[in-house]
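Here come two complexes built around subunit A, the first alongside subunit B, the second alongside subunit C.
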Partner chain A sequence: MNKNKYLKIVKDLTPKEKKLENSALAFLMGGVLGFIAEGIKLLLVYNLHLTVKDATTWVLIIYILMASIFTALSFFDKLVMKYKCGLIVPITGFAHSITSSALDYKTDGLITGVGASFFKLAGCILLYGIVSAFFFAIIKVIIYV
Partner chain B sequence: MFNFKDVYLTDYYVVAGPFEKESGVKNCDLYLEDDYYNEKTMEKAEAKMQKTILNKLIDNKTELIVGGDLTNQLTAFALSTMNINIPSMGMYSACATSASSLITLSTFIQSKLIKEGIFITSSHNLAAEKQFRFPVEYGAPKPARSSSTATAAVGIKLSKTPSKIKIVSATLGKTIDSYIKDAHNMGAVMALGAVKTLIEHLTITNTTIKDYDLILTGDLGKVGENIFKETLKQEYNLSIKNHFDAGAEFYKNFEYAGASGTAAQALMLVTKYIHQKKYKKILYLATGSLHSPVLVNQKNTIPTVTHAIYLEVEK
Partner chain C sequence: MTLVYSFLFCGTICLIGQIILDNTKLTPGHVTTIFVVLGAFLGIFNIYDKIVSIVGAGANIPIVSFGNLLLNGTYTGYLENGTLGLFTGMLAAVSAGVVSAVVFAFVASIFTKPKD
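Let's look at the complex of A and B:
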């Protein structure tokens, strides 16, 4: 069968993803996460008298911890599937990817399993995060010096 | 094309997972309480499903076990046949393994090399997710076109002793290029192979679609079965009404396009269509998407193969 003809049939009959709805959900979820984070930060600043910088760090720690625990309790993946980038882009997504990899490979040994696969998904974020940080730092130095 | 005269399906045993039970898969012999089946790892759980079936089906006449699954290097098959003391042969044609194994076993029986043999296959959702996609607990968003691997295992006993279910003929499919690179859209990958093997089988046997009571494709899913029908219509001007897709019969209330996996197809074939005895002439097209993570990551188009088996079921 002709390749283009078949690809046209496939394109016509494959359901389209609801991009607008997905984006809207992700945007709202991201906003809700930010809103809660700001709330926790203000609580820490005004009740426990932490500095804003320390409070921000604590908020991140709480988010990472909660995402990891929720992943282990096996309902966070369902939330991620629903709200997609709303939970993947914030730091919760990073924690989720690491915890889920670790859970998956815990039966394959500490070195060959968990150790080797811990950053299976998050590895690329680390690598390209560090590389791009390096280049942005150079740009910053060039602009300000 | 192979013609068989003395090959009969005499017994079968089916194990299905909890999610399959919840989504309305009926008539299985055993449903698992949870995905781990009292084992520590999901691979061992899959092997245990196969082992359970083998223990039920093996008798002193069993001479050969042929089968396969989706785990790396057929781990589950290796574990389940270990220490069973019967010659065994593992096979892999992805989800078409059910048909390639059944055809191989039938050929052994027809050529009188053996009198009775067992076909075994399984797929396990968690083991397949881990191998082909993302970690199990990682909520990678699935598009509506993707299917979900069914947790199930099926064992079928073939014998030269006559029974009401006869394997009449088979066509081994040829591996072709699906032109598709998207591993999520397995229905589209396999539909082209299904069309090719169906046309080939009809041409060789000089039959038409109407000569069969039921044409059962493997795991095309809801998206793939539409592509299958549309391709038949546009390319060969054939409309097909007596058609069901095993994969699309699963998970009707869930967002996926259906089930995939070697066991999903064989499960529907025996528990629904053979069990019902409503259809006499069944053409079973086992579809396989021959992809691997390496093949997909290196941006190749995905090869596909479909094997056809024609069965006759008497009431």
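Let's look at the complex of A and C:
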């Protein structure tokens, strides 16, 4: 069997990713999350008279709490498999990555398992966020001050 | 009206992430990292703050906002404390997100049994 024929068979047998459906699901889920976030924020601002900044922070905390609880109850993984970026790109993905790595390595013990692997997935967000923000802030200082 | 903007903006960010994920070999880790760095970059010219003021909380939910908060914290730290503020201000802005994620994740992992 020559190489091209083999590649063709492989291509036929690998399941096709439904790109359109994936994108539509991600858009819908992300949109719904944004919609609910704004809804909660407006409720907090108008009913509890919080400032916009405080209300936004509460919304973030609520989202992180819900994502952690749902991950611990182990049905968030299935949702992430289905909606992918719709749940990974919002802050829920950050909480999900920390909680799932904590759960996965719990069998290795509290220090060598949970402690050592806690930021395994979220580490790249923190590392590159902090490094890039540091240098971009210096650029901003040079431009504006 | 901000409700509709929130829906559209947050959905669009997720859509862009999904398109990157589907059409390249990058992993979700790459996508979130790109978005954080992008958020910090958009913060240089205050673009993201303008988006937040138009869109509302829908723009605070995507991870792009995390990078923007990091940059804003560092910049305001510099304005208040000088060079020392570059180091003290950065995590002050994202403290709520990081601390709540760490605490809730730890408590959740303590009270649940690991899967197999």
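Just a few scattered comments:
The definition used in the following text is that the second predicted complex is superposed on the first by the 133 of 145 C-alpha atoms of A that agree within 3 Å, B and C clash if a C-alpha of one lies under 4 Å from a C-alpha of the other, contacts with A are read in each partner's own complex, and residues count from 1 in each chain.
What we mean here is this: a residue touches a chain if its C-beta (ideal position, glycine included) is under 8 Å from a C-beta of that chain, and two chains touch if they have at least 3 such contacts.
Just so we're clear, the structure is a prediction, and the values are computed from it rather than from any experiment.
In the superposition on chain A, A:Lys84 makes contact with both subunit B and subunit C. By the touch criterion defined above, A:Phe76 lies against subunit B but remains apart from subunit C after alignment on the C-alpha atoms of chain A. Comparing subunit B with subunit C, more residues of subunit A are touched by C. In the superposition on chain A, A:Thr107 makes contact with both subunit B and subunit C.
When the shared chain is aligned, subunit C comes close enough to touch A:Phe94, but subunit B does not. When the two complexes are overlaid on their common chain A, residue A:Thr57 makes contact with subunit C while staying clear of subunit B. Look at A:Val145: by the touch rule set out above, it reaches subunit C but stays clear of subunit B.
Within the superposed three-chain model, A:Val10 lies in touch with subunit B and out of touch with subunit C [touch as defined at top].
Of the two partner chains, subunit C is the only one touched by A:Ser132; subunit B is not. With the contact threshold set out at the top, residues 17, 22, 71-72, 74, 84, 99, 103-104, 107, 121 of subunit A are in contact with subunit B in one structure and with subunit C in the other. Interface of subunit B with subunit A (complex): residues 40-41, 130, 134-145, 179-180, 185, 188, 191-192, 195, 223, 226-227, 230-231, 234-235. Within the complex formed with subunit B, the residues of subunit A that make contact are 1, 3, 5-7, 9-10, 12-15, 17, 22, 71-72, 74, 76-81, 84, 87, 96-97, 99-101, 103-105, 107, 120-121.
Subunit A meets subunit C in the complex at residues 17, 19, 22-23, 26-35, 37-42, 55-57, 59-61, 63-65, 68-69, 71-74, 84-86, 88-91, 93-95, 98-99, 102-104, 106-107, 114, 118, 121-122, 124-126, 128-130, 132-134, 136-141, 143, 145.
Those residues of subunit C that touch subunit A in the complex are listed here as 2-3, 5-15, 17-19, 21-23, 28-29, 31-33, 35-37, 40-41, 43-44, 56-63, 65-67, 70-71, 73-75, 78-79, 86, 90-91, 96-98, 100-102, 104-109, 111-112, 114-115.
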